[in-house]
Structures are given as structure tokens and as C-alpha cells.
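The next part holds the structures, each set out as C-alpha cells.
Two complexes follow with chain A in common, the first pairing it with chain B and the second with chain C.
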Partner chain A sequence: MSMFLELENLKAHFPIYRGAIFRRQIGSVKAVDGINLQLRKGEILGLVGESGCGKSTLARTIMQLIPTTEGAVILEGRNLSEISRRAVRTERVNFQMIFQDPYASLNPRMTVYDALAEAIQTRQQFDKKLLLEKVGRLMRTVGLPANQMRRYPHEFSGGQRQRIAVARALAPQPKLIIADEPVSALDVSIQSQILNLIAKLSQEMHLTMIFISHDISVVKYISDRIAVMYLGRLVELGPATEVVEKPLHPYTKALVSAIPIPDPQVERRRQRIILQGDPPSPTSPPAGCAFHPRCPYAIAACKAQRPELEQKERHRFAAWIRIGEI
Partner chain B sequence: MALLEVENLRTYFYTRAGIVRAVDNVSFTLEQGETMGIVGESGSGKSVTCYSLLGLIPRPPGRIVSGSALFGGVDLLSCPKEQLRRIQGKRISMIFQDPMTSLNPYMRVSDQLVEPLLVHDRMSRSQALTKAIASLEEVGIQDAANRINLYPHQFSGGMRQRVMIAMALISRPEILIADEPTTALDVTVQAQILELIRQRQKDLGTAVIFITHDLGVVASFCNRVNVMYAGRIVESAPTDEIFNRPMHPYNASLQQSIPALHKKGQALFTIPGFPPDLTVEFHGCPFASRCAHAGDICKEQDPALKQIVPGHKTSCIRFQCGEIADVRSKNFVSAV
Partner chain C sequence: MATGTASIEPAPIRADELVQGTSLWKDAWFRLRKNHVALFGLYTFCTIALLCLVVPFFTGYTYEQTEISLKASAPMEPIFLRTEARKAGEPKKSFIALSNLEDEFLEKSQSDRKAIVAKIAEGEVYQEGRNTYQRSSQRHVFGTDPLGRDLLTRVLVGGRISLAVGFAATLVSVCIGVLWGATAGFAGGKIDTVMMRFADILYALPFTVIVILLMVMFGRNFILLFVAIGAVEWLNMARIVRGQIISLKNQEFIEAAISLGLPSHRILFRHLIPNVIGSIIIYATLTVPNVMLLEAVLSFLGLGVQPPLSSWGVLIDEGSRTMETSIWLLVCPAIFFSLTLFCLNFLGDGLRDALDPKASKD
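Take a look at the complex of A and B:
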């Protein structure tokens, strides 16, 4: 069975140059370094990891906003890394993004109507009356009153703006939506409104989505499967609830245990794994497993061998060489 | 006697759009060595409250309209500037959310660290430098003697926040105000920094005012919590009580909207509407229009913080007069 979206050994490296006259490449930042992943239609995949682990670069590589260094992005059987740049432009209607900051991602000089009408017409031109109707319907879908379509973004609150951003992403009827930290800038009470909206729409419209967040409890709530990234590579992949409740990889364990739980009794009982140090730099990743300098279970073999993502249980994958022992 | 006693603090901003009542009649006390949390959403006035104490409110447009803040017999809000300067950074110090914008990018870390010692303690430079290196080691920075000569951009985000903490604690303050100190950091680094603050607080006996929007951090870190909404404290209690026996509907619904407590597929609880516009003067409870328990009385009577059981105060009028016993919203099914 062919998958809806397939990533095959996807890499995005950025060269580092030194010198003005005799410019030479002295290394590269391996932001995305060999990702294999398959998405079914209608699935929501949560992507978690710390800042700098390459989550956003991966998203931009999938959207063909960053050239792939190696590997392939295959959407419905078509390899997007191989088609011409012009073809990519027309293909891009099929991907939409929702960004973190709704203050920065909407054009302040465009009314809501302008922004949505433009997005709707990327596929097909409509006459004014029909367009007006479509914009109105779209606004109601995301829970905004249609009579506010002539307003500018600054007239809306942060949560409402994020609704507009969701509407704009839905407008061209995309095949894939990538939401890059869509609720991180919002307050708790507004965050839950937007999460509800995304969950409802994805179910009703059968959306396929990659949901990026650093907040594992948000990701657990919204997604079907979770992929955990560390320094450009996947370290764990599996069904959302299982990954959070019974993590396989030591990094996932540490990530889950670092999240403060809003219950003082639970907090007092908990054993917290506190990782030492910061994530290493992707310009010179440690040899072997990139996580070994911070890993409480590291052994000599971890320095020598880079573990690949392997199936450990049904639907569950992890990249850890000691998984059988511990 | 309490270490810090804030009473009836009102800080308003006089803007073109009107008077923003950012902090409206806030009172609280801070005891020696305790960790007090202030939680609230953006715009609830939690930062402005603390900025007011340290004289950091830009004037104009801001003005402290009324109130007092007694700290060791000195009123921080009305004392002469000179006196406040001797307290700022010495007996009360502060760390901010973004360590990159609060450290001076043009100054070496060493110069920034010794500054409070040279100014407040009149130490010699070499003495101060020795102490600065020791303070960096205390916050877990290895090879401090060499790294002290670096510039802030040469440190990672977590390391910069460690430098900030070292700087804030170098003159052994009695109060440390931490304004969302871990919000800009990754969760794994957040856990490190929280552990560090806890450790240093234990060593030095410093009282901490911890400003945050994250109820999870509050649960793990604070002894006592003040919940703020629209410039007022709406509930104040020991941490366990805040979570186990909420007495204000806002606090309860805030907790109910956290995704961690929801089953998959179950819709998240949401608070309808938006926080009120603080430029508009209103009567009654500021939360009434969004509250599931609001009655007519809530729109007529101005709420005041009242003690229900020792140590636990709420400003919910209907709870105070016993009309409601459970402030949680009923359309919520707990997953636990």
C-alpha cells in the first residue's frame, strides 16, 4: 500500500563557509539528517524535540521551502524533490502552514477578507459574490463572525488571529497541513480553544497534519502518533499515548519527566530525570549516538555506533542500542 | 513580621486609549524564605505588580496611584530614589524571562557580575572577581575562571539564565523576583534551572516571588500561590489548596483547560470569551461575563479578597456567601 506522505532518508544540510576571498566550506550544519517517515491520509503526527533539534527545518524541507540535500519527499507517489521549481510552486497549494506567532504571520495591511480570498483563489478564480460567500463560510468554520471580514488583523485578539491563520491554511483545501508550534504563544485558556478547533476540523475534514510542538502534553492530546527528534534524527516513533506513558528511548523518558505536572501531590512523588548540559551543536554532533553525552544509560558502545530507528514492538520504533537490556 | 507587605497597590497606565488599570488593589505578604507564585495569563498584571515594587514602571505613562510595600520598615513605593537604589539589586533582585535581552551584549560576563559588588559592597576589583567566579561555580558553570571572560552571546540560553541567576544572587538578596525565568527555555533545561533556583534558595534562605503562567511549574515549585486576573488577585492559598480545593471559578477553569488532564478525543474545556478590556471601568467581578457560576450579584457588587479558611482567600462573592460550594465547571469530565 502506498502511503500518503513518505520521507525517505531525508537530509537538509547547511554549508558553513569561512573567508571572504578564498571562501571554502569548513563544515555543515546537519539540521535534518536522515529521516524516514510515513504518514497515512487523515493522520496527525506530532513532532517533538528541543529547540535546535531540526523540527522546523524538517517542516520547511517537506514544504520544499528548503532544498533537500539528499533523500526524497514523496506525496501521493510523486517525488517532490525531483520536480522543477515551477512545478513546486503550483504543487505548494497542497501544503499549508500554520505558524507560531499570529501577530507576525498575518499581513497587517490586508483585511481578513483579502487574506482569505487570496488563499482561496490560489486554486481557482471565483466571481465576487461567490468569493464573499466562501470567505464567510470559512470564517464561520473557524468560529469567527463573518461580518468581521473587513477588519484588519490588529483588531483581533491573539486567539482570534490564530483562528484566521487556521482559516487561511484551510482555504486552498490543502492535502497536508504543517502546524509549527501553533499554540505556544497563546495563553492556557485560549490555547485550549485553538486545540479544540484544530482537533474538530481535522476530524471533520479528514486533514493530514504534522503538528510541531515542544509541549509533549499538547502533542499527546492532539496527535495519533508522536515522533521524537534529537539533533536532526528521529529517536522514537509510536502511538501518542504509548510514547508518552511508556517511552522507550532514554531521551523521550527525560523529556516526559521534565514536564511539570499541575498537581502538587504527583509532583512530590515523581522521580525527575534531570539531563545534564545542553543539546550539542549540530555542526559537530557527538560520534555514535548523538544523545550519549547526556544519557544516563550510556556505555562505550554508544560512542562507537550510531543507532538506527528499529521496530521494537508493534507500531513502536526507537533508536537505542541497549533497548533489549534495560 | 512578614518580610514584605504589599497593600492596596494600584498601578495605572495613562495612555491615549484611556487609563489602563494594570494592577488594581493588590495586597499580599511574603514571608522569609518562602516561594510565592503569582500565576495569571498575559495582561493579568503579574509582572507590573513586581515591577512596581522595584521602581521599574516607566513614568509616564505609568503611575503608582496608591498603595504601600513595606520591606524592613521602608516603603518601597514612597521612599527616596537613593534609598531604593541601595535596595535594588542588593536586598531585592530580579531575573527576567529572556536572558539575552537582560544581559548587556557589549559587556563581558565578568564586568556585569562584579558590578553589584563594586557598587553595593565597595569591594576591590580583584576581590569582586574572585567572588564572581565562585558564584558562577555555584550555579553549575564549569571552568568558570575562564568562561567569566566571555560575552553573553557565547553562552547557550540555559547557561545565560545561569549567569543571570548568579548575578541576581551574588549579593545574597533577601528577595529574588523571578519573572517567567524558564518560559524561553526547553523543558529539559527548565528542569535544570528550577532545580538550581531551588538549591540556591535552600543555601541562602532567599524568599522567591515566582511569576509564571504555567500551572505545572507552580505545582512543583511554589509553597503558596496568588492567582491574578484583570489586575487583581482573585485567589490566594497554599499550593495544595489551590489545586485540590479551588475557591475561585477562574482558578478552577484555568486548571480544567490544561490538555494533560484530558483524555484523547475528549474536547478540551475552554473558558468562553476574552479577558476584559482594562481601559474600561467596570463594576462587579471582572470574571463574571465568562464565569459558569455568575449570578446577578456578581455584576452588581465589587468583589474583595476574603479569607475562608486560614491561609486561603478568594474574591468570589458567591463562594464567600456560601451560594456555591464547588467552583469547578460541570461540563467537564475528568480523565483521572
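Take a look at the complex of A and C:
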């Protein structure tokens, strides 16, 4: 059986130009640099990585908001990178995105009703009465009172806005949802509400989802599998609990060690891996493994060759050459 | 198709929860009504427009009717009737303003002249040779211009032209400018470059040359006025709108609209343009006076309104040349002109706020 969503060697590079008249390309930012990934239907994949590693670019590339430089996004057997733009447009109802910033992702001049009605009618036109009812139901579904549908986004709080954004993403009845850090702009007390809402709805509506976050503890809570991204590439992939409890890649280990433990005694005793330096520039990534300048276990071989994502255990993949040694 | 949203909704929606919305314009009007300055602008402007439309029928004069002997009489200046008896036919009647009455008796001494004028002013009928002088009940509220035409009528009739030109040309420039700028900004890349370079080329052409070319091609025509002004004024609007659209189109809500698979024109008209409407309105209210003054320039070149018809721009232009001797010729049209612009600015400001849903509802 073919996979629901497949990413084949997906790349998104942004050329850098210099010169006004004789413009020449002097390099490119390799924001997404060869991602291979398969998702089953109904699966929730958590994607983690630090700022600037290309998570959001990957999301926008899958969403066809950014042109693919190379590779393919294959949704239910259809290669979205190859079909015409018009065909992509009709296909868009099947994959929707929840954006990071609920203050920027809603049109300030459209009422909730207008925004949701527009999203609902992407699949099918409804008459006014039915539409009104559908919008009302949708608002209920995401936990908003239906009688507030004539309000504008600025009349809602951040958490409520994100609920509206979730409702809009669900309105076209998509099969795939890409949630790009949907809770990172929210207050901590609101984060869990939105997280629970997304988890509940994705389960009830049998959605396939890619959930992006820089916080591995958030991702662990919601996902079936976790993919760890570093500088445009995947470094680890595996079932959520296993990746968090027994990380294979040193970068994942560092991420996991950054999760605070709510027990002060344990918290004080445990060892934290503090990574030195900043992530290297995606314009000129270091030779070999991109992580080696910051890796506590780096050896000479790490600089020589770039490790590919390989299966290390059952269901578990990592891009590290020293697995088994340490 | 499985209705995913329906299956997980337990309770049905009560009818009272489905709030009927008010339209954007109704909403805007509701907010505008609370803005007293804007309302003052709106009402004053409507009054001016109504005056221009209606009052010329009731002034008793037409804008073209000359009275050479009256010359430039001041507002409400007493006017006298001179009846010149002729050997054959009807006596010739003409009107003379108080300030010019003394000049009728130049052969007399200065003190005599004063006495005669005073007598006539008191209501006496005075005979001097073939001429009979007597007081007349005729008055010109705004005075008259050097040809003795009633200024009030001319200002109001000119107002019709000015308002028509101001609004029609602004409308033309807003329509072209917004569409052009929004399309260029939204499309970006090569399309943007080509469209904006075309606008630059038009901008670089001297305005008068375009106008003269148009005149040669189409001859004198009032409609051409709108075309010529519209063709120049939309360039600024296009640039402003393009800049705003470019800064807007990378916002996440536009990405969200693209993600929904909405067609480009819908994204443009429903998501982008409503968000730049504030700038559009403000710039449009600034365009109206520009257009009215441009019309005066065109009229001077012979393309705009032709005498005896007039407009505020032309009247102000003429008035400024005689301001040392007859200031009212400048002041009267200028008051109407500035009052209109004030009102439009207040109204534009109010409209911008009223159309912004973030402005509080109550």
C-alpha cells in the first residue's frame, strides 16, 4: 500500500544574488536540503528543531507556498510538485495549514463568519442559511460560542484567535494538516488548551498531521512519531516515546535534555547537554555532518562524510556514524 | 463525502446563536455617525453640492449674462439704473454700481458730483442730458466680475463643473490606480517590473505635451478632460497601493488565503484591497483638490471649460489677477473651494476610521 504523504528528496533552496545590473548568483540558502519522509494515513508526525533549521520552510514547501527546488511532495499518489498550478489550487482543500502567529494569520477586515464561510465554500457552495449553521457548528467544534461569529479577529484573545485559525484550517475538510508551531505564540496557560483541541480534533476527524515545534516536550505529547531536523536535514526519526526516552542522535539528546523536569530534586541532579555555539549558516553548511562543530562526540570521520538517515533499529532512523560505539 | 465537522458536533445550534451580520458599509455608517467632525464635513459638503445644483436657477441671473456698464461691483453694492432716451425705439437701459456712479458726471466739479450721487442714492430720479438715473432694487450677493456677470451664479455653476471633474477624475484615477498597483504588487516579479516601468514612462512624459497631443487627436471635448486628468493622477495612486500590497502580501493571512486555494482575484479583492482601503481613501481625498486645480491649468491651455462657462479653479485664477482692485473675485470662489476641501478631508479621515473594524464599535 502506498503511503498517504511522501516527501522524496525534497529541497527548497533560495538563491542569493549580488550586483544590480550584472546579477549573478553567489550562493544559495539551503533551507530544506533533501528530506525523505513517509506518513501513513491518520498518523501524527512531530517535527522538531531549533530556530532557523528549516521547519517552517519545509511546511511551506509541502503546502506548495514555496516552489520546490528539487524532489517531490506526493499526496495520495499525486505528485504536487509536478502538476500545474491550477491543479494544485483545486487540490489545496485536501491539505491545510495552521499558522504560527494567530495575530497575523487572520484577515483583520473579515469577521469570523466571513473567514470561515469562505473556507467552508472552497469545496462546495451552500445557501446562506445552511452556511450560517455550518459556521456555527464549526465554531462550536473549536470551542467558541457561535454567537460571536460576527466579531472581528481583534476582538478575540490570542488563544481564541488560534481556535479560529484551527477552525479555518478544518473548514475545507482536509486530509492533511500542517501545524506550524501553533502554540508557540501563545501564553503557556493557553498552550495546553490549543494542543488538546488539535489532538482531539485530529483524532476525531482522522487527520494526518505534521506538527512542528521547537519544543520536543510539546511534540512528544501529541505525536505518534518524531522527526528531528537540523540545518535542513533530518537527523533522527522514530516513535515519539522512544525518541524522547532513548534518543539516538547527539542532537536529539541535547534537545531532550533541555526539557525541564517538574521535580526539583531530579531536575537538580540530572545532567544537561549545553550545545556550544550557534547553528552554522545554511548558506555554507560545514563539510561532512552539519552538526560536527557542536557535537560533543565528533571525530575526524564526521568532517569527512555526511551521514545519511539510516535505519538503526526497528522503526528507528538516525543520521549518525557512531551509533553503537557510544 | 464524509461530513467530518458534523459527526463530532453533539448539540444542535440554537437559532438565536446564528447572529445575522451587518454589512461592512452599514457598519461603517454606524461608526461614521458617531464622528461629529466627519458628519459636519459630510453635511457641509452635501449642502455645497446642493447649492451648486439648485441655487443658480433662482439667482435671477445666468452665468453668461453680461452687464458691461456694471463692471466689477462689490458684494451687495447699491446699483443704479440708467435709462438713455433714444430718438427712435426703446430707451436703452443699463446698470451702474455706486462706486462708478460719480464717473458719469465727470464734467461737473467734485463737490457737485458727490451731491448728485447722494441725491440719487436717497431715491431721487435725476436727469442729466438724455440720461435718467434712479435707484434700482437689483443686488448682486457676491458682486460681479469685470464684465458685470453675477459672481454668485458663476461660482455655483462653476462649482458644478469643479465637483464633477473632481469626483469623476478622482474616481477614474482611483479605479485605474488601485487595480494597476494591486495587480503589480500582488503578481510581483517580471509582471511588476513591466507594469511599474510603464507607469514610470507615463510619469516622465510632460503633462502638457500629453494634453496637447490629446487635443490634436480628439479636438476640444469636455470628456477628454476626465481622461487627461485621470491618465495622469492614477500613477501616484498605483505606486502607493503597490507599496502597501507588497508589504501585506507576505502576511500569514494571505498565505492562508492561498492555502485555501482561493483564486487570485478573490485574494486581491477580498483580502488585499480591503486592507489598504485607508490609504486609498486618504489619497483620494488629497487627489480631489489636485484634480480641481489641474482642471484650471487645462482650461488655461484651452482644453478644459471654455468661457463663458467657468469653474472654481478658473475663477480663482482670474480673481487672483484682480485682487488689488476687487478682492471678492478671489475670496468668494476660494471660500467655496477651501470649504469643500476641508469637508472632504474631514470626511476622508472619518471614513478611514469608520471602515476600520478595529475602531471601537461603541
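Keep in mind that, in the parts below, the second predicted complex is superposed on the first by the 326 of 326 C-alpha atoms of A that agree within 3 Å, B and C clash if a C-alpha of one lies under 4 Å from a C-alpha of the other, contacts with A are read in each partner's own complex, and residues count from 1 in each chain.
Keep in mind that, in the parts below, contacts are C-beta pairs under 8 Å (C-beta built on N, C-alpha and C of every residue); 3 or more make two chains touch, one makes a residue touch a chain.
Quantities reported herein were computed from a predicted structural model and do not represent experimental measurements.
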Would you check which partner chain A:Lys11 touches, where first means chain B only, second means chain C only, and both and neither mean what they say? neither
With both complexes overlaid on chain A, does A:Tyr152 touch chain B (first), chain C (second), both or neither? second
Taking the superposition on A as described, I'd like to know which of chain B and chain C A:Met97 touches: first, second, both or neither. second
Per the contact definition in the header, classify A:Thr241: touching chain B only (first), chain C only (second), both, or neither. first
Using the touch definition from the top, say if A:Val188 reaches chain B (first), chain C (second), both or neither. first
For A:Thr141, select first, second, both or neither according to whether it touches chain B, chain C, the two together, or no partner. second
Tell me the contact category for A:Lys312 with respect to chain B and chain C: first, second, both or neither. neither
In the superposed arrangement, what residues of chain A touch both chain B and chain C? none
Residue numbers on chain B that touch chain A, as the complex places them: 41-42, 156-159, 186-192, 194-195, 213-221, 239-240, 243-244, 253-255, 257-262, 264, 267-271, 274
Considering the complex alone, what residue numbers of chain C touch chain A? 1-9, 11, 13, 16-22, 251-253, 255-263, 270-271, 274-275, 277, 356-358
Interfacial residue positions of chain A with respect to chain C in the complex: 60, 63, 65, 89-93, 95-97, 99-101, 104-111, 113, 118-119, 122-123, 132-134, 136-138, 140-141, 145-147, 149-150, 152, 154, 165, 168, 170-173, 201, 204-206
Over in the complex, which chain A residues touch chain B? Could you list them? 50-51, 157, 159, 187-193, 195-196, 199-200, 214-218, 220-222, 240-241, 254-255, 257-267, 272, 274-276, 278-279
